[in-house]
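See below for the structure under consideration.
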Amino acid sequence: MQNVLQIVYLIPLLPLIGFLINGLGRKHLSKSMISAVGCGSILISFALSIWVFLQVKGGNVHTAHYFDFISVGKLKIPFEFKIDQLSSLFLLIITGIGFLIHLYSTSYMKEEKSEHFGRYFSYLNLFIFSMLLLVMGGNFVVMFIGWEGVGLCSYLLIGFWFKKHEYNKAASKAFIMNRIGDLAFLIAIFWLIAKLSTVSFDEVFTAANIAKLSSLDITVITILLFVGATGKSAQIPLYTWLPDAMAGPTPVSALIHAATMVTAGIYMIARSNILYSLSVIHAMGGEQDIRNMGGLSKKLKITFITFLIGCIAIAGIPPFSGFFSKDAILLSAFIKNPVLYGVALFAALLTAFYMFRLLFITFSGKFRGTHDQEHHLHESPPAMTIPLIVLAILAIIGGFVGIPEVFMHGGDKLGEFLSPVITEQEHHVSHATEYMLMGLSTGLVIAMIIFAWFKFRNYQRSEATGFGKVLENKWYVDEIYDAAIVKPIKKAGTFFSQVFDNKVIDGMVNGVGRLMQYSSRQLRLVQSGQVGNYVLLMVISMVLIFVIQFFLRK
Amino acid sequence: MGITQILFWFLSIVAIFSALMVISSKNPVHSVLWLILTFFSISGHYILLNAQFLAIVNIIVYAGAIMVLFLFVIMLMNLNKETEPQKHKWLRIAGAVAGGCLLLVLVAALKDTDIKHQQALVNTGGIGLIKNLGKELFTTYVVPFEISSILFLSAMVGAVVIGKKE
Amino acid sequence: MNALILSAILGVILMFSGILFKQKAAIRNIAITGMVLLLAVNVMEMCGIVFFNVNTHGMIVFDRFALLFTTIAFASTLLYLLLSARDMEKVGVNYAEYFTLIFFILCGITLTASFKSLLILFLGIEIISIPLYILTGSDKRNLKSNEASLKYFLLGAFSTGLMLMGIALIYGAMGTFDTTSINIFTEGKPSLLLVTGMLLLLFSMSFKVSAAPFHFWTPDVYDGAPTVFTSFMATIVKAAVFIGFIRLFDEAFGLLRPEWKLFVALIVVATLFIGNITAVFQQSVKRMLAYSSIAQAGFMMMAVYAMNTDAKEGLLLYAVAYSFATIGIFAVLIKMKDYTFDGFNGFAKHQPLLAATTTIFLLSLAGIPLTAGFLSKFYMLKAAMVAGNNLWLVIFAVLMAAVSVYYYFRVIQAMYFKEGDAQPIEVSRSFKLTLVVLAVLIIVFGIYPDLILSHLYF
Amino acid sequence: MISLLLILLPLLTGLAAFFIKDEKLVRTWAVLTSFATLTIAILSLCCMNDTKSLNYHCEWLPSLGASFSLKMDGVAQLLCLLNTIAYPLVFIAGWDKTYKNAKNFFALMLLAQAGIMGVFLAADALLFYFFWELALIPMYFLCSQWGGEKRVAVTFKFFIYTFIGSLLMLISILYLYGQTPDHSFSIESFYNLKLTSKQQSIPFWLMFVAFAVKMPIFPVHTWQPDTYEQAPTSTTMILSGVMVKMGVFGLIRWLFPILSTASFVWGDVITLIAIIGMIYASLIALRQDDLKRLVAYSSIAHIGLLCAGMFTQNASGMQGVMIQMFSHGINIIGLWIVVDWIERKTGTRKMSELGGLAQKAPALTIFFVIIALANIALPLTNAFVGEFLIFNGLLGSFTLYNVWYTVLAGVCIILGAAYTLRMIRKVAYGEVNELTANVSDISINGKLALGIIVVLILAAGIYPQPILDLTSGSTDSLVDKFDILRKALLK
Amino acid sequence: MPINYYIFLSLALFCIGIVGVLTRRNAIIIFMCIELMLNAVNLLLVAFSKMHHNAALLAGDATTIAGTDGQLFVFFIMVVAAAEVSVGLAIIVMMYRNIHSVDVNFLNRLKH
């Protein structure tokens, strides 16, 4: 009797079908049809996800095996989906939020031509499909497929309005930055294969297998996986694509990057948490839906409130959800290492500063966008506001799902649900310390908000100075990358293509030819036409041969 | 030193001297004459070796026919001047040195051959007589003999082809 | 023996035909018929039908190797006559005499291929050489032809001198001219006289096959001679001398191989190098072919170097491949007015069939698979490889073969890929047919060489 | 028998094509016969283990020890399939092109197919060499006759280059032949050779150079960009899609089994060269403005990976190479079709002069993007499977430097993404300009060809296992051989 | 006479012939030098012939004809030389008719 969860393939399949229908039929379908297909497929997936979630809650955990994707020698990589607490939760998040995004988009994109409208929805569907593969994958490879798929979709979405060169560049940059992370992820997978000959979660995370890994292996794999996550979640040092992507054309696509892709990184770390044994993961998961909101609300007048909520949430002001997740992270960082805590705190402060700077710039100053953008700024139809409100509510209450013990005994519902998947580390910190840390961070955050308020209240496009300028330019990291990596690569490429390949390597090859021509030109002069010379040369060669024969050879 | 030895040395010196004169005379006619002298001395050697047939043939064919032909051609071309153009000095030296080296090398190589103690039979021995040679030539060597007629035929045809005026 | 006598007779017949017949076509037909006859009697001798039973006293032996080669040579000559006999008319007035000389040369070729005595070798070489001096100079008003003839003659006579000195020294050492008797020496070290004589023979034979550094006459003579005769002497004659060469060094100096191996290798290297490299810069196709013939000689020389069964088989195959291809190319070249590479520009457009066949000939010369040229080169390489520790020689040969591609393909490029006002040339239908036959034969032998080689053994 | 058919059919139809004067007729003829050959190749899959009906043997040159024997193992089957798939694609894509002397063009193309097929099937070293050259000759004429402006010189360089390589291989073959006890060229005799490591070195390098030139890998690659640029696109497709696989195939069929010790000993060096070449070519591709040259250099990078993958000498790496050979062939043909269309419609290949094709030719752009993404091995495309396995093989290979190799080769994944996206961006995106303003979308035959390619890309990307199963027999036996060897050497 | 004497004498004549070929420009003289070389060979052959005859006699074979072949070879050489001379002189004369010189340095149309 097969497990009922075998049919989970429907969940990713539906968005895929949606993608195909919208993609192929984008010229022929009407907009309403397209939105129906786009949203409908996700909605059904969402419904299925709820059903799956309930199944999992009921204790039915299943790895659905479909076919052998790659099977070489001892290495077997099946195409399989793993449905457990973690993935079912993420299924909910992805299909749920995905649906909201779709819904929102129907209205947001309605002024696009039907062709582009269809293209847009097909991209979105593909995105959801990839995300679903990512979270459902029963092994690292399937996960990687989704992982790259997400990168692809972000590329497509950022470059959606492909006439604009900046967008295209931003898209390429996002993809390449992601690829760096992907490479790390891949190498981690190879490392696992080399050590364990398997990539399946079920097999990798058995105690016996973990025991096979040396501490070096674990360090390398975790670091590589983390780099992979870094690329996808746009963390330092691979974050520079994200701001550009945000600057991209579609707020919705921006949302996707801010939210879902970042989630992907989190999910991956969570999935392999055994290797990390970190307790912060689930908290991070909680944070993401808030960030979604933040991204989503950008640039919309009417949603100032929701945006504000989002900002506050992200900044980590109690009691919004961001507060708890942030503190959970900070706390675990503190447990690990106080220095780490400092860094994390600093990052948190910067986030706060950044968010509020955005807020003030967007809503306090004059409108600085182009005319082109201005027509987007209108009263939002219900299709847009409803998702926003839902999200805002989520942001407010979301925090309480993961509310730590210090506030409410047994409040950490999320942690509880995920405990089969995530090995939690014991907290060895007194509540007093916890409170103190919370207080510290909150205080600093508020201070930062006030600082931002004063700085950007009447923001005009004036030259920023000092530290502000550094921030303005995103720490000049782009410039540093450009100088340290991109330019040398370009220079090397130019050198190789114009000098080395042409002059040196091909030069040597042609040189051989030229040498032949030259020696031919010279050698033929021996053929002087003079009989006397010919005889002389013959006699000399004869003498030489005689000398060799009689006097040199032994 | 018997008469044979004296004759041998005398003929050898004459042969080498006249050969040297062949290549060093400026006047082509002189060269021809010196060459005839060389041939005569070689014929002398043949007689010394009791190869009478060859000695006669050498004088008749070489000294008589061939060299006269040469002389005739040279006269025909009016080349009997002393002002024959000379090769470049260095080329001549190079030629002489190369030829000298060849001689040196060959002599050095062949001075210790395994037959160095053997003697060439002088004065006696009947194989060089016309009778013996003729018998061999028309029995064992009849095929090559006939074949050499083809050579003459082709030389004849050649002379016609080359010499005939068109 | 059949062929030897018949070729001499045919020579005489043609000598008189010039007096009897005034029409050139008649003379030509006699020559071609005679050639067919010659080929036929030679094939008969291969099948065991011998018309003349002459006691040669062991000086000439018509073994299968010799007979097979003479068959090849006669067949090549037949094809050569079919293609180019008409073009001899242009050379000069002595039309019948040219054929006479060619038949005499064939007589010499027969001798060179089947000698057992150094005397016969000497006679054979001379019977080949003297008519060739004449044929080279047969275009009497052409100064180049004169010059070539005189150069050839002087250098040829010089090399004859070397050869005779060699024979004399060998005679001194061994007391015989018989090749098999020369090959017997009992003591551990061979006589110095023998070795010296052998080396002198090596030089003179190298001269005759135009192997470096005794090749100097070749480009000038091939270039200066009337093209129709260059074709003959660069192919059939050269192959014949090679057969003589390998016979001599196998039968007479087989045991001396340690003494000459090194020098032959050096000669191979020098020949390949000079032939190929110098050919690269030539402007005239004819002169390029002259250098190419030197280069090809370098390859054939590898057979002498290797001196094993493969080498002999390979040399026969090489003779076919090289002769056929070169005869074909020359046959086309004779028709051209402009012998430079540029003269071939756009040739394919005007004469697609001729261009196609010429391409096959060139590919064969370059040693591209599916042509006899490849397999013959392959046999040479294989023979050399089997002969022992000499990878370097083989590698060198191969690199030089790659160089050869350069100049052969220049012709192909000119014919096919370059625009040009190709010279309008007129060729008969039978000429085309013969060329096609030649090309087909080259490909057939390139796929299945056993068609030839199986005749070497019963 | 099937293998003989696979060679004979294109050979004979090719020869026949020389005599078909009518251009349309000869084109149809070529397409039909190429489909017929494809059918036979597909049929061959049905009798996978029936060696009797697959293989063929007859006497050829008994005196030399060479025979006309053909062997169709899994690898050969795969590559024959690639060959037979490539031709219809190429012909379909070029259906609306006119060639002067069309009959010669199609005849030579078919002859080249026969030659390539022979290379994949030959089970006799001499025969192998024969076909190796036979595949080259038609290519020479095709490129020199119908190519671009500098075609003659460029093609000639290509020809000489590969010719030297193949001649060196010939020496190696001869050397090995000399070592066989029965003086035979048959592959079995070669396989049974027991040579010391010292004896293997020279023939190994001689042979490797031939394959390296053909593939080509750095630093003997310089013929390739020029040739790809100058050759007629149909020919370039065959050259890059099928012919370069001859080199890789040579490694697996001829080099590894015969000279395994040397392959093992020199593996590190060659892997390093291959990987340097990958980075090198990727960097150059990054700076190319000419589309054809970009694709050419990207191909060098990919082939470098194939070479490195072969020398991992483990199951994963080699199987990866197998599937990647197929994928690369399909993908690059697709890319050429796109590039060709762009060139035909805009008259330029310079990326700096292009742009905005996505608006004017959306179908083309979609195909282009999909194929380009397959080219950079996005998951669920065919190339991903190959590259995944190769990289896995690299990391799992038994060398001290496996991690470095993997990381260095991995850099090319990123560089590959960089130049491919740059290409897409410059060609397809952005505003239209005067060159691209009047471009029409790809024609129906182009769509058909590209459609098939995309289907193949996805099919092999999603379910690659049949291909892997096809070749596993050959690779497994090799891997076993290397395992034994490794154990013996490490002792 | 000791055979070495003959060998050295012949070699000397032979090499003088070669030197002549190398140093002279007149085609006829060059040709004559070649004839000199041939004569050196002839002398050597005759000497060897007598040497082998002697050896056979010393070996006790009183009726031996050993050495005949050497002298016959000389005969053939003379035959060939005669034929060669006729052809050679014909060629030289033809040359002279065209360029009015027998200087081999003027043979330089064909080169490189």
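Letters A, B, C, D and E mark the chains as written, and numbering starts fresh at 1 in each.
To be clear about the criterion, contacts are C-beta pairs under 8 Å (C-beta built on N, C-alpha and C of every residue); 3 or more make two chains touch, one makes a residue touch a chain.
Since this is a predicted model, take the numbers as computed values, not measurements.
Between subunit C and subunit D, the least number of touch steps comes to 1. More C-beta pairs in contact connect the chains of A-D than those of the other pair, out of A-E and A-D.
Using mean Cα coordinates as chain centres, the one most removed from subunit A is B. Comparing each chain's Cα centroid with the centroid of every protein Cα atom identifies chain D as the most central. Averaged C-alpha coordinates put the centre of subunit A at 100 Å from the centre of subunit B.
Centroids built from CA atoms put subunit E at 66 Å from subunit D. If each chain is reduced to the centroid of its CA atoms, subunit A and subunit C end up 75 Å from each other.
Averaging Cα coordinates per chain places subunit B and subunit E 5 Å apart. In subunit A, the residues that reach two or more other chains under the touch definition are 513, 524, 527, 529, 531-533, 535-536, 539, 542, 546, 549-550.
Along subunit E, residues 3, 7, 14, 17-18, 21-23, 25, 30-31, 48-49, 51, 55, 66-67, 69, 72, 76, 80, 83-84, 87, 91-92, 94, 104-105, 107, 109-111 each make contact with two or more other chains. Across the assembly, subunit B contributes residues 87, 91, 94-95, 98-99, 102, 106, 109-110, 113, 115, 141, 144, 148, 151, 154-155, 158, 162 that each touch 2 or more other chains.
Chains that are in contact with each other form these pairs: A-B, A-C, A-D, A-E, B-C, B-E, C-D, C-E. Across the interface of their complex, subunit E is touched by residues 119, 122-123, 126, 130, 133-134, 137, 140-141, 143-144, 146-151, 153-154, 157-158, 160-161, 164-165, 167-169, 171-172, 175-177, 219-221, 223-224 of subunit C. Across the interface of their complex, subunit C is touched by residues 513, 516-517, 519-521, 523-524, 526-527, 529, 531, 533-535, 537-538, 541-542, 545-546, 548-550, 553 of subunit A. Across the interface of their complex, subunit E is touched by residues 524-525, 527-532, 535-536, 539 of subunit A.
Taken in their complex, subunit E has these residues touching subunit B: 1-9, 11-26, 28-29, 31-33, 35-36, 39, 42-43, 46-51, 53-55, 57, 65-69, 71-72, 74-76, 78-87, 89-94, 96, 102-103, 105.
Chain contact summary for the complex, subunit B toward subunit E: residues 4-5, 8, 12, 15-16, 19-20, 22-23, 28, 31-32, 35, 38-39, 42, 45-46, 49-51, 53-54, 57-58, 61-62, 65-66, 69-70, 73-74, 76-77, 79, 84-87, 91-92, 94-96, 98-100, 102-103, 106-107, 110-111, 113, 115-122, 125, 127-128, 132-133, 136-137, 141, 144, 148, 151-152, 154-156, 158-159, 162-163.
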